[in-house]
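Each of the two complexes below includes chain A, the first together with chain B, the second together with chain C.
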Partner chain A sequence: MRAMVEGTGFSARLADGTSLYDLVDEKRGRISRRIYADPEVFELEQERLFRRTWSFLAHESELPEPGDVLTRDLAGEPVLLVRGDDGKVRAFLNSCRHRGMRVCRTDRAKVKRFTCPYHGWTYSRAGALIAVFAEDLYDDAHLNKAELGLVPVAQLGSYRGLIFGTWSGDVPPLETFLGNMKFYLDLYLGRSDAGTEVVGVPQVWDVDANWKFAADNFTGDNFHIYSAHGSIVDLGLLPPDPMALSFGALVRAEGGHVLHFVPGPPDPAFSHFGVPKEFVPHIERNLNPAQQDLVKRHGYSVGTVFPNLSFMQVIVQGDFESPPTPFLSFRLWQPLSATKTRISSYLLIEKEASSAYREASSSAYVRTFGPSGIFEQDDMENWKDCTRVNKGKIAQRHFLHHGMNMQAPRDESFPGPGEAWPGSYGERTQLAFYGEWQRWLTEAAPWTR
Partner chain B sequence: MDALTPVSVGSADHNLVAEWLYREAMLFDRGDMNAWLALVEPDIQYRMPVRRSATPGAGGDFSTLMYHFDESHSSLTARIKRLGTEHAWAEQPASRTRHLVSNVLVHRAKEDELHAASAFILTRGRDDDAIDILSGEREDVFRKTETGLKLARRLILIDQTVLKTYNLSVFF
Partner chain C sequence: MSFVRVLSTSDLEVGTAKMVSVDGNRILVVKDRDGAVWATSALCTHARVYLVLPELTDDGLIECPAHGAMYCPRDGSVRQGPALTPLTTYKTAISNDDVLVDLAVPVEAKG
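Our next item is the complex of A and B:
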């Protein structure tokens, strides 16, 4: 009989007796390599984290009109999102109730209704079963169409254009789950009057790496830049001093949501993340003074919405001629297995953006990030190699070390909510992420704070 | 839009384009990227649109707004210079590629401008990984210049909606 976590149906140990509490030692900064490579840990993670938590599904702008459909994935299962005739977005398991076939089999579609290719069962844009083949051959005891609609996602929520879903009816509503991270999401998504939209479609690619290396990298690992992205320094597109990007702050919001801020380039004209000046009045209208202060003073902000949605607001040069240009990207790190991740990376832009700003922001993004980006190519190299080696049973005997700048006192004057520490080089935010991950693997209601 | 005149397979202009494409493939596969850069025009536009599957009513597969590559001469130069630095980890060690080009069809747009469509298979081996295979079509615009045929436009139509290679640190 395995030891159980009190008050849950959860075993507290892996099959070989290892305690789940030993996988992450947040206080001492020790992380077990098994969490990146062990199939048993992956299964626990699917059950206790991904089938319970809120996960990012789509951006509102991707399905603007009734009948617009997107197919996505929620905790490893296919879902479809559809905007109904009432303008409301709904999400369902993408599976016919008759034999299980997907009722939408493209990434995007425009539908009047969903007809299963197999036997023709047909569902409305609101997910109701409206027609069954040879319906006269069923009697009432054997067919109750009202009970056979598409299976809805348990909860669907939207914040500033980001649509999230969960298979759990127990997890609190989205805005409670996001907690004080909403204050920070507003800086990127709520600063312009009309909000943001996706530029085109997401870039999607698969990498043989555990998803947590990507989420960890975006929790605020600003100190990988001078090693991992040394080639960009060599090109002269980043300042040569390896401490040049060490200023700013690391922030731990509630619920494992974490981020960092870094001042922009040392140009007196630089402010407000480097966005075009016409957006400054928007920022002053839409954000409160503490939020405005953070936007005004910084050039870079990167973070992770727990567990696997990350974002980056940065200013970059993707070539030798263009001026430093800001972009905002959100990316989902979707686990396919312990050692495989599907990355979906979205470029967002203010809906009011001029065509010149759109083009500049888009080419700056594509040249530096995404699968071909001169920065991001090298990230995949690192995450892939870390995952490969951490599969090893000998390697797994030795923990991985996190401990940079743990001694720094809190910055009590930081204007935003949560806890903040001065300087953007450190590992507090990574450890906060792993601590939250451990809570979801061991607690009945990890969202209770 | 200029009218496009078909150029017969085996004619002088077809041979010119086909040889250019074969030479390019060899330069790519031998990693001689500076020699390749000398074959492209200063106003080059080099793009790979993102492909997502869509029903006919929901627009085409290829995005007209988002790209995997959206390159100018300067950004291609940055990519190539980067490969020569000490810290371009994604290509250290370098990918072992094979660019196979076929189905080359050429049209003449103007006296000095040729359009070419071709199919490619790109195999990529690296480290002891299994070989990644990427396929697609390229739509190119070439100009005849005093220093030979030069690439002015390239549109790479990749066959994958989800890229099954972990990064695009190679050229198409």
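Our next item is the complex of A and C:
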């Protein structure tokens, strides 16, 4: 094994000599526990994955007007997004060029300009430095405001309302990075004429778990439902047959982007993810026949946009009185350390949604997901325990097993791009995610396909 | 009286301000919405920041970019904090197409 990864400054081994190629064995379905708990792996991830890849930052609907500002993190560093007077969204490192102070210290704001709280250096909505404290005491040789604007995020891109950024100038444009996953994102974000918007604000909370457990779960894990969420089955809010959610398809799009599709409840009137019938003509206008077919036949679709943006289009009963109601959530899993993750969960809805649908979808979501949700609490308990145990040096001697339904032949009749396998019980999507993760940790240009 | 030329009247649009340098001193020249030309000191008296915003506010005031202090261009008076001290104002004159400013005699501010 090479000591360095060719064409990079990357070491191919951890400090104790372990090869990075041994952390993930995609073919045999074996995963090292160290990837979930080792601070050295966390640092490599930050350097090689998160400081290079495209990451989700915000939804367009969160900053509709010039001067609207959001503060977010990109690879663990603070960024601000601002809609300029020209209507364009820009993103910058949220840090004054004088002493490094954040120039915006609230989650969201409406600003004319950004004035640093420390010494008052002031930046325009386009990031230009326009005023300096005691500027009359500098000479031209010691102050060139033109080169002291806020540091821009290297690339910013938007697809169907989702804004992504990257600190890398080398990674290809967003739409290339998303590749054929765009076909699938359209099913959730592009099906109505006006597109989607965020309901309220994202719920944000921290959990003592490695981020990859969350991303792994949302690659399409239906086989945890009957044990992890058994209490919800016992309550009668899920069907009692443990094979009820085993049907559908697992899909491996390009670039580690993965998802699944599962048929809806066995109700002859059910179709189109269960969205209100007034949206069916929208779907027929906005999606191509293959996309329409997938929407029409399914009730659930969960996936992960590599590396750490997951989504869920599901239909749930939030309580005993309410009918099954669809909702769409996007969630970002940001690593704060090897064993701590910040979750940001967004509820999205069609901009045209009636107030009744909006309210029902919102209730179904908060009762099942988000920090108060009965499903999310079950999930977090599992991810926390997995993380805690996988820190152990004894535990780390033994790999974790990911090998369900590897023998299944591909479903050649599946209408969407990428590779698909029949049924939603299987670990192809998890392994695709981990395989891509390993490429980013070991390759100079992992985006080259 | 020692008026010096600082700008052409055509350099300054109605409702805007421009910072100019005269003998190493920076001053702000303003053309209000009635077309009258005024001159003030260019440093905000609150946080010593140059008053660089080219547009007057909707109320015709000079706004500081840093903390939002507002001044009246006619007499330098503070119309909105955090500033407490007025700007210094200077006499102006128009000769042909030239804007002239007399820096020798600051006009006493009316607070």
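Simple rule for what comes next: the second predicted complex is superposed on the first by the 447 of 449 C-alpha atoms of A that agree within 3 Å, B and C clash if a C-alpha of one lies under 4 Å from a C-alpha of the other, contacts with A are read in each partner's own complex, and residues count from 1 in each chain.
Rule of thumb we're sticking to: contacts are C-beta pairs under 8 Å (C-beta built on N, C-alpha and C of every residue); 3 or more make two chains touch, one makes a residue touch a chain.
Only a predicted model underlies this, so the values are computations on that prediction, with no experimental measurement involved.
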Simultaneous placement of chain C and chain B on chain A, clash or fit: fit
Partner chain(s) touched by A:Gln377 [first = chain B, second = chain C, both, neither]: first
Which of chain B and chain C A:Asp234 touches, first, second, both or neither: first
Chain B or chain C, by number of chain A residues touched: B
Contacts of A:Glu40 with chain B and chain C, given as first, second, both or neither: neither
Partner chain in contact with A:Glu175 - chain B first, chain C second, else both or neither: neither
Overlay on chain A, chain C to chain B nearest C-alpha distance, Å: 14
Footprint overlap on chain A, where chain B in one structure and chain C in the other make contact: none
Parts of chain A lying in touch with chain C, wherever the complex brings them together: 112-113, 115, 120, 122, 130-136
Chain C to chain A touching residues, read off their complex: 26, 43, 47-50, 52-53, 64-68
For the chain B and chain A complex, residues of the former touching the latter: 48, 50, 52-55, 57-59, 63-72, 74-75, 77-79, 81-82, 85-91, 161-169
Contact footprint of chain B on chain A as seen in their complex: 68-69, 106-111, 199-209, 227-235, 237, 318-322, 342, 347, 362-363, 366-367, 370-372, 374, 376-378, 380-382, 384
